[in-house]
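The same chain A turns up in both complexes below, where it pairs with chain B and then with chain C.
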Partner chain A sequence: MNPRPKAVLVPPLLLVLTLLPLLLMPLGAIFVFAGRAGLPGLIATLSQPDAQFALRFSLLIAFGTAVVNGILGTFAAYVLSKYRFRGREALNIVVNLPVAIPTVVVGTSLLLLWGPIGLLGQLLDPLGIQPMFAPAGVLLAHLFVTFPYMLGAVKPVLDELEMTYEEAAYTIGASRWQTFRHIILPALRGGMLSGLLMTFAHSLGEFGATVMVSGNLRLRTQTAPLFIFAQFEAGNIEAANAVAAVLALISFAIFMLLQWATQRRSGRVS
Partner chain B sequence: MSELRHRLAEHWHHWRTVHINWRQLGRILLPMLILGGLLVYAAWPWIPGVREPAVRTVVLYGFSIIGEMMNDAVFPAFQALWEERTGEQVEFVSAFSASGTVTNQMILGVPAQVAILSLELDALRLVEAGVLPAPTWRDLPHGGVVNRTPFIILVRPGNPKAILDFGDLARRGVGVVHPDPLTSGGAQWAVLAEYHSVRMLGGTEAEAFDQLIGIWQNVVAQAASARAVRTQFESGFGDVLITYEQEVLSDRWRGRLSGEIVYPQSTIFSEHIVVVLNRNILPEDRELVDAFVTFLWSETAQRLYVDYGFRSVDEVLNAANPDFGMIPYAFTVDDLGGWEKAKPRIVDGIWRDQVLPSLGLEAAP
Partner chain C sequence: MSIILTDLTARYGADTVVNCVSLEIADGELFVLLGGSGSGKSTILRMIAGLMPLAAGRVEIDGRDVTNLPPQQRDTGFVFQNYSVFQHMTVAQNVEFGLRIRRVASSDRRRRSTELLDQVGLGGLGARFPDQLSGGQLQRVALARALAYEPTVLLLDEPFSALDVKIRAQLRQSLKEIQRQLGVTTILVTHDQEEAFELADRIAVIERGFLVEVDTPAALYHKPRTEFAATFVGGGNVLVGRMEGGHMRLGSVTLPLPPDAPPHEEDDSVRLLFRPETVYADAKLPSQQQGIHVLGEGSVCDEIFSGSQQRLRLEMRGFEGVRSLAPPPPYGRRIFYIDAVRISDPAAGPVGVELGQRVWVGLSRYHVLDPTGLKVLIACAETPAGQAAAAFGGLVARAAAGPTTLLAVAEPERMTAARDHLEGLRRRWPGGPSLRLTSKVRLGVAATEVLTEAQEGDYELVVLGRQREGLGAVAQQILQRTETPVLLVQETPSQIARILVCTAAGEPGKSDVRFGGRIARRTGAAVKVLHIAHPDAASWQHRRAEQHMAAAQAVLDGLGVEAETQIEEQRTPELVPAIVAEAQAGDYDLLVIGAPTWRHPARLRWTDFATQILRSTARPVLIVPMAT
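== the complex of A and B ==
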């Protein structure tokens, strides 16, 4: 029904061939090394309390980051897209900066701000509040590092949104909130979904800032990527790859699911 | 009555005709179920009523190569001892990394209660930064030294480059893999060994300098920690690796050693220091932490060190490990006047200020 000339297959084949050494083989290697000790070995590694903790902790932080930045990012996108004010352009650039700053630098500056000897940390320390080397510090770092992803996914949709719908809503007496709730939000669903996904996935894999602010404590603040690095340093390549394989599978599953869930919506458009 | 029946029938009819789009429902429900499941899995230990009753904790930071021994042997041994003594469960919260990194983390304020560092120099930095009021570790048994291990040379199987001692590492065409002295405690020990072994064997200062510079001309790869550098060597970099004997022995026992140990005629014993950070110890935890620190020098713990390839501070116990090689002219940092003298004179004065510049590599100030 859909005749495919052979030439159509060439570009995809070329793509797969280029991606093989760049992307596909390294991904495959994770699973090969993870499985080297066999399935029982893999299960034994993954059921260790510190591996379990690291995975759980990473997932919780990723959920938390996605929720907070989901709301904050949408709000930022809305304000930056719909309001005209002095300094808007500058703010627009600043909120996108976290992608360009090395994550290690982010971690260091958070330490110098919130750490026990940091600018704000010094004031908080006597009160018994210590955000660094605690889950709160990890969350702070992840919020910073992943902030632009939600914004980047939502703002272009808002910018493209036809003003006429909004204007029509206003003319029939809708408030700003009603307009947002009934007109803008439904249109944003796709963008928000992919923004949340990007935020979640980046948080799950974040390393550079986390290693600085978490203190890397086993069973306390060690995220899955830190666990992987610690195991690698200790020479336990299999343990490192076992957790890495789980992270890869979780990300893969979430991407697949969301693609599947959004398929119908995009299908209706076409 | 009949009117009600009629209306009920109408409702029933309405219900039957409502078409449930199962596929559409599935598209929403399935991702939510899976995400929800993931969330429940993640939050499980924190859901009230699920978690086991709170246990007492000791927070320990340590340098990289002791991690496995502490987690697998020393912690469990102390946990058993403490439970027997008091009936309480102790949980160890630990982090292992390069000695210099651990020290920096403590300066920045991580909540470490006990730390094991790979050299006294890092402990001295803690005093300088005000983390410790004074060199308090010197009041502990053996001046704070909990165990030792000599620096040895690891060569490729069959020793293809015919390396017999440190002197051979300065030969042309030998590729040396070395940890970075700026971050790794082990690397600083190695620098002392590379330099002072010549003096121990009767050489002059000029000959010692020549050997050090010769070895550094051959450094082909560097990494931040002793563990990381071994991974580089295992990935195929270089011909020789200068490392802790313990590292190599533990690999050999796990059947993963791809190389041979060459014992130098003279080399240094690295001495690992226990530091107790009083400021992070609450009064109610004092007894527990003190008991653990005392335990580190007990015969039980010292025997565990020997089992894992570290040399005990109690020379008698070392006979229990037949794999320990003989080093006729071994020395310690005390033979160089302690780290306070050895660091400025050899690591800074010779390695950093003379060797690095002559290789065209200036160290960061």
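== the complex of A and C ==
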């Protein structure tokens, strides 16, 4: 028995109504405010050197983070999935910990390690090396915060990839490296793509840890989210919104890519 | 020889999963490893391929010792149960992978893969991706991939188990054809005996990590040596009778020992195998010309018609002293079953034999399995006496060459400790662990549990540790209720070189001489039979004793045992000191005394006698109940 066509529409309608003030309207607000000065205004705001730098710096850091964590996370996933050793369980928890720790705490702890009076920082300081309040510090913070995403996307795929695929390659004559290159890596493609996109997206939006370690230095360490916050506080709502709109658009694009990647993967399996 | 395995041993943690397996597989042979799940058959295959480390042993492929080589350098083709066809490569790329690794030119690769795909029946599907193929097709891809680089040996691990019956049959057929064409030495692992029979040139039966038997399918079916192979391979009936006067006795029926049967001694148990198709079951008594050995009458308790044949289960009763090993007899009833098959005969009417009908049951052919040796139970308590029982029991069990069970009894909370204790014993067992050595932990009180196990397990010898006080309740109960010989151990001699059989107690027995003789034959020990005569004995009693000693000498000579007999006059009022004096003088490692049956009037006096013997010597004493 089919319910009457109109009744079927009631629960989806209710859901949309609930989500309207929670999700949809805030997203819309960004574009409404950003577009208030018209397209020329938007372009003018975006062509300010500060805004330009913030966006470019954010994209660069996000790219760097995705590359480094892409490699590191895949390596970690491979080790944690394929090797049995003492303390594996503990290590598994440790590498996933960054998701659970508040990002501000991450920033603080990085300062306490690398800062001028930090554990390692005070040894480096006399050598003129100062990772904190510098682009390197921002990268370090982002690597920390986004580490679990690559791991989380790749390890389940590796766990499900049965040992026999590798063994088959070995008996056929492929070395460990050839097996990784020709058998494992291709099987991980989908997982790696979504891991990379997740890492990139999270790095792009990172705020809590960045604000602690960057010192929020204009044209030096100011990322796009920090720029938005600073402009907003200074009352330049338009400038803040313009950059926010760009960030939101990039995020949408990444999200679409992710959807496409996962769909393609599940499509192949079935 | 293409593949030579020597003492292959594998461990997972503390568990030994493959135990000293040695095999030789000839060039071009299709060899099947057959066993249940967890028997270690796949592990053997993985060890050959280099995918599982060896704890001990050696693998030789084509004259090359590959024991320490990685899988890449062993030149094997491996087909996995789950196919493991690479999902991101096309069928052709999968097949060519081995050639690509070997840097073969792409045109040659293409030619080879096309040729192989044609051969496995996948011509024209090279450009497909694996997710566009069925399970059977994937298995063919896996086979082609494993053959592409022309490996020395082809290894297949349960290749057809995930496929449905029809496709399985097709694939079997094509595997056999391809294997014949290429002549590649092949080892296939399976739990499916039908598959093994259809494919194999030879089959190795594997159980609990041990190699049970290797032979051609026909020999394994018709003339297996072990009970395991007999019951694992094909449906079979196995009955246990006894040797008597050179014939097999099954209740009131005697059957001649076939000329090719392994040698059995008088009074040994004999295991008789006959397949359902050799069973005669009909309302008519078979005629003389048919050459059928009639067992007796049975009734049809189950009947299945399957077109070409009619399968019957026959219920047999009234066979005194006969045990059935297969099909399993019903619990607690003195009957056993025989499975039979009749060829369908349309002339005989709609049904050949009906349910509940009484029929004559006979055998047209039968086969005798290898003798098992004595079935021994050793109670391994964690006390000094228990340790002694385990140590000396080990010597005797090794000599008896039969299935041995190590038993520990523990409170529930000590269960794990008891198991570890037995595992330790098993590992240090003289001659190493074997399929015939099992361990068992029972929960509860030692006295009752040992007795229950002795009663339930059908043992032929029970070994117990003892204190010096005497016979002990457990030994007495076992002798009384099961009439199984009991070996009581306090101190352990390092060997069994000299055995003293005392026939002084009342009636001169036959069982004790024979039992002592069997142990002596297997250990190479010298036996002395001692009879202590009463000074007032009548002359007929003397004559009887002399006759008995002559008979004992004959029995022992027949067993090929170095033996002497002696009749000694009793000088002291008590028997025991004379026996103990002789035991000391001759430095015997084992004393054997007979025990009268429970209802015998001399029973009480005997108990007293046995207690005295046990109190005055620390040597192992074997008590053998008289045959009734």
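What we mean here is this: the second predicted complex is superposed on the first by the 235 of 270 C-alpha atoms of A that agree within 3 Å, B and C clash if a C-alpha of one lies under 4 Å from a C-alpha of the other, contacts with A are read in each partner's own complex, and residues count from 1 in each chain.
Everything below uses one rule, namely that a contact is a pair of C-beta atoms (placed from the backbone, for glycine too) under 8 Å apart; a residue touches a chain by one contact, two chains touch by 3 or more.
Being a predicted model, the structure only gives us computed values, none of them experimental.
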- Would you sort A:47 into first (chain B), second (chain C), both or neither based on which partner it touches? neither
- Message: If you tally the residues of chain A touched by each partner, is the higher count for chain B or for chain C?
- Response: B
- In the superposed arrangement, does A:174 touch chain B (first), chain C (second), both or neither? second
- Message: Is A:164 touching anything from chain B or chain C once the two structures are fitted on A? First, second, both or neither.
- Response: second
- In the overlay, answer first, second, both or neither for which of chain B and chain C A:59 touches. first
- Message: Give the list of chain A residues in touch with chain C in this complex.
- Response: 162, 164-165, 167-175, 178, 182-183, 186-187, 189, 268-269
- Of all residues in chain B, those that touch chain A in their complex: 24, 27-28, 30-31, 34-35, 38-39, 41-46, 59, 64, 67-68, 91, 93-97, 105, 108-111, 225, 227-228, 230-231, 251, 256
- chain C to chain A touching residues, read off their complex: 49-51, 70-72, 74-78, 80-82, 84, 86-89, 97-98, 101-102, 131, 142, 145-146, 149, 155
- Query: What residues of chain A sit close enough to touch chain B in their complex?
  - Reply: 53, 55-57, 59-60, 63, 111, 115-117, 121, 130, 132-133, 215-220, 222, 230, 232-235, 250, 253-254, 257-258, 260-261, 263-264
